[in-house]
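Notes for the one structure printed next.
Residue numbering begins at 1 within each chain, and the chains themselves are lettered A, B, C and D in the order written.
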Amino acid sequence: MCRWVAYLGSAIRPQELLYAPEHSLIRQSKTSKFNDNGLNGDGFGMGWYDGLPAPGVYRSTTPAWSDRNLREICAHIECEIFIAHIRAGTGSPVQETNCNPFRYGRWIFVHNGFVAGYERVRREMLLAVDPKFFANIEGTTDSELLFHLALTFGLESEPLPALERMSGFVEQLCTHYDTPEPLQMTLGLSDGEQIYAVRYASSREVNTLFVSESVESVRALYPENEHLQALPPHARAVVSEPLSQLPGVWTEVPTSTALVVSQLKLQSLPFRPQRV
Amino acid sequence: MCRWVAYLGSAIRPQELLYAPEHSLIRQSKTSKFNDNGLNGDGFGMGWYDGLPAPGVYRSTTPAWSDRNLREICAHIECEIFIAHIRAGTGSPVQETNCNPFRYGRWIFVHNGFVAGYERVRREMLLAVDPKFFANIEGTTDSELLFHLALTFGLESEPLPALERMSGFVEQLCTHYDTPEPLQMTLGLSDGEQIYAVRYASSREVNTLFVSESVESVRALYPENEHLQALPPHARAVVSEPLSQLPGVWTEVPTSTALVVSQLKLQSLPFRPQRV
Amino acid sequence: MCRWVAYLGSAIRPQELLYAPEHSLIRQSKTSKFNDNGLNGDGFGMGWYDGLPAPGVYRSTTPAWSDRNLREICAHIECEIFIAHIRAGTGSPVQETNCNPFRYGRWIFVHNGFVAGYERVRREMLLAVDPKFFANIEGTTDSELLFHLALTFGLESEPLPALERMSGFVEQLCTHYDTPEPLQMTLGLSDGEQIYAVRYASSREVNTLFVSESVESVRALYPENEHLQALPPHARAVVSEPLSQLPGVWTEVPTSTALVVSQLKLQSLPFRPQRV
Amino acid sequence: MCRWVAYLGSAIRPQELLYAPEHSLIRQSKTSKFNDNGLNGDGFGMGWYDGLPAPGVYRSTTPAWSDRNLREICAHIECEIFIAHIRAGTGSPVQETNCNPFRYGRWIFVHNGFVAGYERVRREMLLAVDPKFFANIEGTTDSELLFHLALTFGLESEPLPALERMSGFVEQLCTHYDTPEPLQMTLGLSDGEQIYAVRYASSREVNTLFVSESVESVRALYPENEHLQALPPHARAVVSEPLSQLPGVWTEVPTSTALVVSQLKLQSLPFRPQRV
């Protein structure tokens, strides 16, 4: 059970969300909630957009709580969009190439969840990746393959339909191997323009996902809270678990839902895996 | 709050205590008890005696639960004595030179606890180390300085009195800086012949320490337990927390107590810091 | 251009070959010869047989020259067979799962060389691996795929023919992609009983490989050399480059040759890739 | 023999000097000149000023040539001043806290060279550090102690005299221990306003140091060179060894010389250690 945070809005330093909040992502690396033992100590990664053609990516196997370089970088870079992820491994080796986010061109991708019975379907998932994306695969996780399957199914031109096809393909494949409840996932993606987020699972139990309310409404709720008053307008965060316990700030994303987040609006759409 | 395990007996592979038990030290790296958040993810170290003049030492900042090399080594080396330690840092950097055990000649040393207000007394502790041991200091922890102060106060010739002088010195020094309850410690040491263990704190609350009962009595209690029946005779383990929940196997070491463990006997002695 | 050392004989501590010689493998990590810049700083690995059913494996991305744990382990383990490898990466990420040796069951495998145009044939090499060995692939190097192709072609039952089929398959595949001179390799393998070594390339230029003369003849040549006089009888080493400059100790292995080394004898056989 | 690069001028991305040039610092990590084996593989560090009150610092023990995070950071941060350093260790452990630069408040510091017989004077150097700077010492190198002695002797108010006192103190101390030619150093420092650089040794042989000519003169020399024509005006670099072989671009700094570099001017002053 990993944890992730995505931000879109006026340029900020990532430390504002990753270190400052009472229940920040870095704190969640030691003590996340909604989780068995609360530990996400198997690596960290962050992708960010700062106006350059390609996003930056920092990934490390040092537990996030003791990574000094991460603290420096989060205090010094400024970006309009970033997605950060802390990993709790489920079998694949702890190495940078297994840390989220994964990147292809302008796109970055993070995943919290798993493909059930992954060891049985890994080879077929890999074969289904379009050869033109193959050389970009450097690790061994299910998460990285979900991303490359989404690319194969057209992520760059039709993001949400491609994610629905990828999900449908994986469910179909696992069903073929008699694996019940194959897919458990929240996804966070960006192309540098928008953030796409998905909450979905083949089972009843679905990993949590939350989106922040509009900055205006949050400010109105907490007129005395300096931190919230200082938030840039049009900012949104999508998170695995709330960064604070303030009522009215975080809204749970319904299951089987996709979000499209831009500076202008927040769209919520049904997410339905498509058989391919 | 670190955790450690010391073993003395016929030669075994360390995996027998570090991986096999239901609540093994490696499991404690994620979920120790008697502890705030149960996490000891800031490094691992092990020292062992296998008949060579000097003990071997393996130290790593990879969390113990995901260190593949550790698993290999613990399955392949064999030793009559070993002490292993998982670290939960209290401020000093996570680096190999800050991982226990520390080694000098034939001696190895592990510590669970802290010197209160360490940043105020670090310089004076360092100055009090005999210059002849100074070059052996490679890290920045209070634990390493406790060891080198014990060496300075005669550890090699009079182990327990030297530890009492070291403790008295540190308490005196901290008192000078108005630090209440300066010392919290369990210590594990070996010279390759015996294991020395100490449970002591300046405060009422004292870190836990347990010693295993004699193999004979443990076997008699659990005639059906294959694992226990296979234990070598004359083996003893001293541990921060029990490796199993079997009643009658683990005895709590009283506070202000030192143990001296050899193949022949288990001695329990009062431990009283001496002002120097 | 990596470097490797394989040893078979009476049990020794690996430090005897990895640290002690004037031009030891650890020295070669900084300054190997027959090599562009002499640097092999992209990781280390060692597999060893010490009587247990499975070989031990230690792999690390710390440059060999500064890896303190490696020094400890090489001084403390004892083994009848070991193969050690220092890596000079040719593009794949520096991570433990890309360090040689690779292991499957009783087998370990190291490779010095490359598959030319690997990025073009990687996917097809991967697909050609028998699904039953697929889950054992954890990294992204050509070396690891050569090993799993050899397993696919029957390594466990017919070692040398399987290596010849693997080589033929790779040459055929690369030819299909118009890659001239596809294969450059020295290989070192063991099943715990024997060492298999291969020197082969599709091109005229072939990576170096040497085998030590019999201990008796080496002793006779250097009656005053204490180090050589102390060598165990029936010991052999196969190395990418000689560990010393003593004339008469090291013999170059001819190109297109396979060696089979046991305690009883040294066999030299022609090595001819087989189309499959 | 480490290597370092300091830059001051209009804001640039560090990759312009660390990756792009034909003999960039990252290339020097594998193949520096003026050097025994040309290898600087024992860690990397960079400090930079980007308008925030405190400089950022990134340090890593991964060899610079294979550090992917470093490549990302150097492509994404922008700064008016930076100093980067690649380490070739001379005995102290390879760990982040032993990587240059060292930081205190607004200051950063790098060193190429050594204190001869360091193990004999380390303790006294450490004792001579003002207790108020003591808690900032986290590693075990001579370089870090040179910095903290300079702070002790007034670096923050009188930079060059403090460096001269520091040097005099160390020479005096080593002389007391009968160490001939105690000090070998090039130093690079910044307070975020200027760069201070020193070339000095107690011996005849002195580590190299070079400073770039004015951007105007360099542009005039190479009117066709796009890279040089694109340089920001008023930019200067101070380097251990030239980043290119273009005549007229790099000037050797005389021995026993200090430079003070600002956007307005380049000052060159004699550097004479002062006994304290």
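FYI, a residue touches a chain if its C-beta (ideal position, glycine included) is under 8 Å from a C-beta of that chain, and two chains touch if they have at least 3 such contacts.
Note that the structure is a prediction, hence the values are computed from the model and not measured.
Shared contact partners of chain A and chain D, listed by label, are B, C. Put simply, chain C has to spin 180° for its C-alpha atoms to lie on chain D, with the angle rounded to a multiple of 5. At the chain A-chain B interface, residue numbers used by both copies make up over half of all numbers present, so the two copies contact each other through mostly the same positions. Distance from the chain B centre to the chain D centre is 41 Å, each centre being the mean of its Cα atoms.
Contacts with at least two other chains are made by residues 68, 93, 96 of chain A.
Listed in rising order, the residues of chain B touching chain A in the complex are 30-31, 37-39, 41-42, 61-63, 65-66, 68, 89, 93-94. Chain C makes touch with chain A in their complex at residues 93, 95-97, 119, 122-123, 126-127, 131, 134-135, 137-140. Of all residues in chain D, those touching chain A in their complex are 48, 50, 52, 56-60, 68-69, 72-73, 75-77, 96.
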